[in-house]
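Below are two complexes that have chain A in common, paired first with chain B and then with chain C.
Then we have the complex of A and B:
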């Protein structure tokens, strides 16, 4: 098991380097200049050159990359060009916001998705199944930002029950007040994974229901409830893997939702970094998100055998 | 693709503005019921419990401008942090909405240039002014602050503030404290624009910088200036809280508000949602298609003309069709600016030059910029072109950006107008940052990629930014931002006069003459002046929108 984990961690290194090279090259290909924000519009060429030198932007690209990589390995992701603050601190701050939102969205998606999936799987072909499937497909196909705006119109503008934007004043609020700011973005974020999990669980349950062991269990005289638990146990490992991957997407794929709700997480950070051509911030954020994916997959792979004894790790 | 994106954005904002979910299914629907508004207001008051005198402002910027002194985030940063917490020696009179803004004494009570040596300026400082930390503002503090951005050897030299401030005072060579309340500034060459330039440079407290451990990073959390507001809380990317400075030297401008909270909300739909849900009291730059319904719902839209112009900056390189004055004049006569104005819900002033006709600098040009299709077609015919024999031009535009108004909408309107007289426009759409980089690099740069114009909106706070920098033949890249490589000895001579003429009347004559060249030669495609709309909740009172990029929030109250 330990060897397996170590091997998986070792895999993460080339993946991360690959991601960082790709992201570095893409940023360089895009036109624009990270210095636009930090120097006045009428700055002399002398001032621009000095600023370039200060941020190391006068070096050849491969040199810039290796300097960045060397520092990144040492845990120093550099300084944001736009704000001058350390990138690591910026990302750390934003990650807390994104993780908490992703966590709540995952819980919503897991509970709703599994619940609806099981109901749908059990009642295959019925009106209930069709209704649940329609909801699931809507969840997958409705654009995030559109749903977010509609929820804001309903719950913030019309009913005035929940805040429309921001995360509130972080140092003056209790847990309940914090949660109120998270309800709308979390529901918006949960829509897509709820749909995907519902569809997957529905298929899994339907498949297990048609297997021989269910007939055998029924023949042995088990009650419907007892059979239900056997099915859940059989379907859980696959469902868990799907949920794990979805949580990764929630963390990384929330740019639009965070922008619509002005939620100060990694998505908003990344969006601003792209618009400002803030290269150190952009690279740092993408690297951290990529690592997050790698770690999450690792955790899912480690947890998987606990639920599915058929999988033996060398 | 951009058009579709815009339409989607407009539709979403329409939803927000209608505040009525039924419109989801019915499409565009205007207006909300009084009941919804009342509910919004009543429940909204309970949503975020705030002191009665708290003003919550939604900024366009994606981060809180740095409270270090010479702040970032462009003019919005100076508006809400630079000139609220800090002050410069020379200030702007922002008290009226009716007249153009003029320079007035700030931390200096008077200034003058030496009659014999026009490079020597003397600033007499205001006595009895204290920084927020209680230390005294004096001549040593001015020298310390100039060192902060001009002298790399000084301990307090700050690259960040230097990057923002140094370019504003390019001619300053040296400075010295003559006595406690007199500062002498020497320029490299005679520079009559020094008062305009020095108005940019704000004063941070030397004592406070030392008290927080000689660190600008530490200074951010506990800054100290002389301004009418003090900083109470600063959370990067989240909010800044400003409270009144009860010891402010100008007792007429001590704020009545209990607190001002600044929130960065770069997404315009989120800003509209914020004010509609009662989370914000004031938003900067609401989108044009939200204005009418915001007004219907009881919100106040404040707007006023200010020193801004939205032109096409034309390339004058060889091969550019814009080298023909007939084509330039024809294009200027082909734009239906009134039509564009109604497209923007009235939120623009049709341009007749680089500055509005109400400006002192407008002068009396002979050519009148207006909508006259017949005249435009006649000029095109003289130039040998028509709809059947059109000119093809490529134009750099951006989908958004500070001061860019509604660039896609406006440019597509221009495209239709110009097609009417035989100018076919192909757009080269770049994001704002990329457009600015190319603007700095000049039309000869490879990134121009064959384009013959760029669409950067211009800040025109002073004669240099308004007129001189665009046409001075010595300011082509990399020395400046004469993007189009325009060259005219007559314009250069006028620019030198403006720089070196210390008699205000003669200086004004030169500025007017330069502007007359702009209009009579149709140097740019003059399109619009922005009117800086901002939306406010009905309980926000006392705001007077000056004709400026900067605004005074000290008289504002929240009932």
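Then we have the complex of A and C:
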């Protein structure tokens, strides 16, 4: 087991380096002089010289990369052009918001997805199955930024039940009030993973139901309920692994949803970075989110075999 | 994963002389959902192509008096947008860019990713390691994030967004075609072809492509829905199409101010994106089961 973990971690190292190279090259990709991209246009000559020195802009590219990487590892991701604040500080706050939203959305998607998937898989071909499958494929196909707008129209404009945007003034709010701001964005964000999980769990349950061990259990005299628990036990590890990876997608993919709801997370940060052409902020946020995704995949890969000993630790 | 699904006995009897693809089409024709989706997509595509002929108004000229007029207004069948332009006209025209931006990246990614994947799978060794490890790095990014990163760094614009979406869609196609090629390469008939003197290129063309084409195409087809949603989404956040170009994602964004006064009109561009992406998904499911690809 330890060998497997080490091997998996060793595999994540070159990936992370590749990710950092890709993020570094974003500045090279952007049109214009890199210097004008990392420093505001009205900066003084001293500031420009300092930036040149700091980023090593007169050095060859590989050297620039290592300077950038050294700073990044030390937690220095440069300064936001728009706000002038350190990028790392901006990301730190936003990450908390995005993580909490992604977490709640994952829980919704997991509960709904597993529930509907199991029902659907058990009643394969029935009307219930067809209804659930229709919901699931709609969830996968719906443009979630549009779903967010529709939910705002329904629940904020028409019914006036829930706040339409923002996260509120979090200092003065209790937990319930904070949650109220999260309901709509979380549901919006959960739509796609709910569809994906439902479809996967449905296929899983249907597959397990047709396996020999189910017939054996029935022949042994187990009740439907007891067999059900065997099915769940068999399907759960895979479902959990799917949810784990989906959470990473939610964390990173929430840019559109956060824009719709003005949710102050990393997605809104990216959106602002794009609007203001704030390349250091864009680069830093992308780097942090991508590394988060790499680590999450690593954790899922390491934890998955613990729950499911059938997986070969290759 | 089976690459050439053995025809079931009854099909073999009924359509003895027909090929594999004819069988797929026969099965697809018997699926009402797939037929419905095919009709919807054809209609939307045709209406986008012939928008200049069928649209009742000019997509870029607005009348102040008709700003945010409700559905059913005289001359403006689906109402007016925030600048008094005809919604119906703009939805018809909007389909052109939205469809192109969704479909072209998948086609490009299929060509590039497929070539890289087959090369990696067929040659193996060092070339394969280079291609596949590079793919792994791109895979480390969630797709939306990578698209936003590339399009955001390049700046807004249709070409940049197309490029970003293509880059995002290449890695999954490389992986799928590589693993399909690797599996086919080790089969006996490839060995037999080589033994009887076939060159690498003819083996790839006849044996590899002939066998992996089906599953890879089905996979690429399943990416269309995602690509449509992502393309419109990038325009929604200001990358991609620029005003006053009609494009569904962009229209959805510019109508956001109208969700209080005219929610139905504000929602319309999103409905179009939803219909197209749902149709592509359902058709892809139908195709998958018709081809018996798991």
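Of note:
By our rule, the second predicted complex is superposed on the first by the 255 of 314 C-alpha atoms of A that agree within 3 Å, B and C clash if a C-alpha of one lies under 4 Å from a C-alpha of the other, contacts with A are read in each partner's own complex, and residues count from 1 in each chain.
The rule is short, and it goes like this: contacts are C-beta pairs under 8 Å (C-beta built on N, C-alpha and C of every residue); 3 or more make two chains touch, one makes a residue touch a chain.
Being a predicted model, the structure only gives us computed values, none of them experimental.
Of the two partner chains placed by the overlay, chain B and chain C both lie in contact with A:157. When the shared chain is aligned, chain B comes close enough to touch A:167, but chain C does not.
When the shared chain is aligned, chain C comes close enough to touch A:255, but chain B does not.
Within the superposed three-chain model, A:289 lies in touch with chain C and out of touch with chain B [touch as defined at top]. By the touch criterion stated above, A:33 is placed in contact with chain B alone, chain C being left untouched. Contact with chain B, but none with chain C, is seen for A:84 once the two complexes are overlaid on the shared chain. Look at A:18: by the touch rule set out above, it reaches chain C but stays clear of chain B. Touch criterion met: A:141 reaches chain C, while chain B stays clear of it.
When the two structures are aligned on the shared chain, A:275 is found in touch with chain B and with chain C.
Comparing the two interfaces of chain A, the one with chain B and the one with chain C have residues 30-31, 145-146, 149-150, 152-153, 157, 259, 275, 277 in common. On the side of chain A, the complex with chain C involves touching residues 14-16, 18-19, 21-23, 26-27, 29-31, 137-138, 140-143, 145-147, 149-150, 152-153, 157, 248-249, 251-253, 255-256, 259, 270-271, 273-275, 277, 279, 282-283, 286, 289-290, 293-294, 297. Note for the complex: chain B touches chain A at residues 12, 15-16, 18-21, 24, 36, 39-40, 43-44, 47-48, 62-63, 66, 72-73, 159-160, 163-168, 170, 217, 235-239, 263-267, 269-271, 273-274, 276-279, 430-434, 436-438, 440, 447, 459, 464-465, 469, 478-481. Of all the residues in chain A, the ones that touch chain B in their complex are 30-33, 36-45, 47-48, 51, 54, 82-85, 90, 93-94, 145-146, 149-150, 152-154, 156-161, 163-167, 169-171, 259-262, 264, 268-269, 272, 275-277.
Listed in rising order, the residues of chain C touching chain A in the complex are 133-134, 136-138, 140-145, 148-150, 152-156, 225, 229, 232-233, 236-239, 249, 252, 256, 259-260, 263, 266-267, 269-271, 273-274, 277-278, 280-282, 285.
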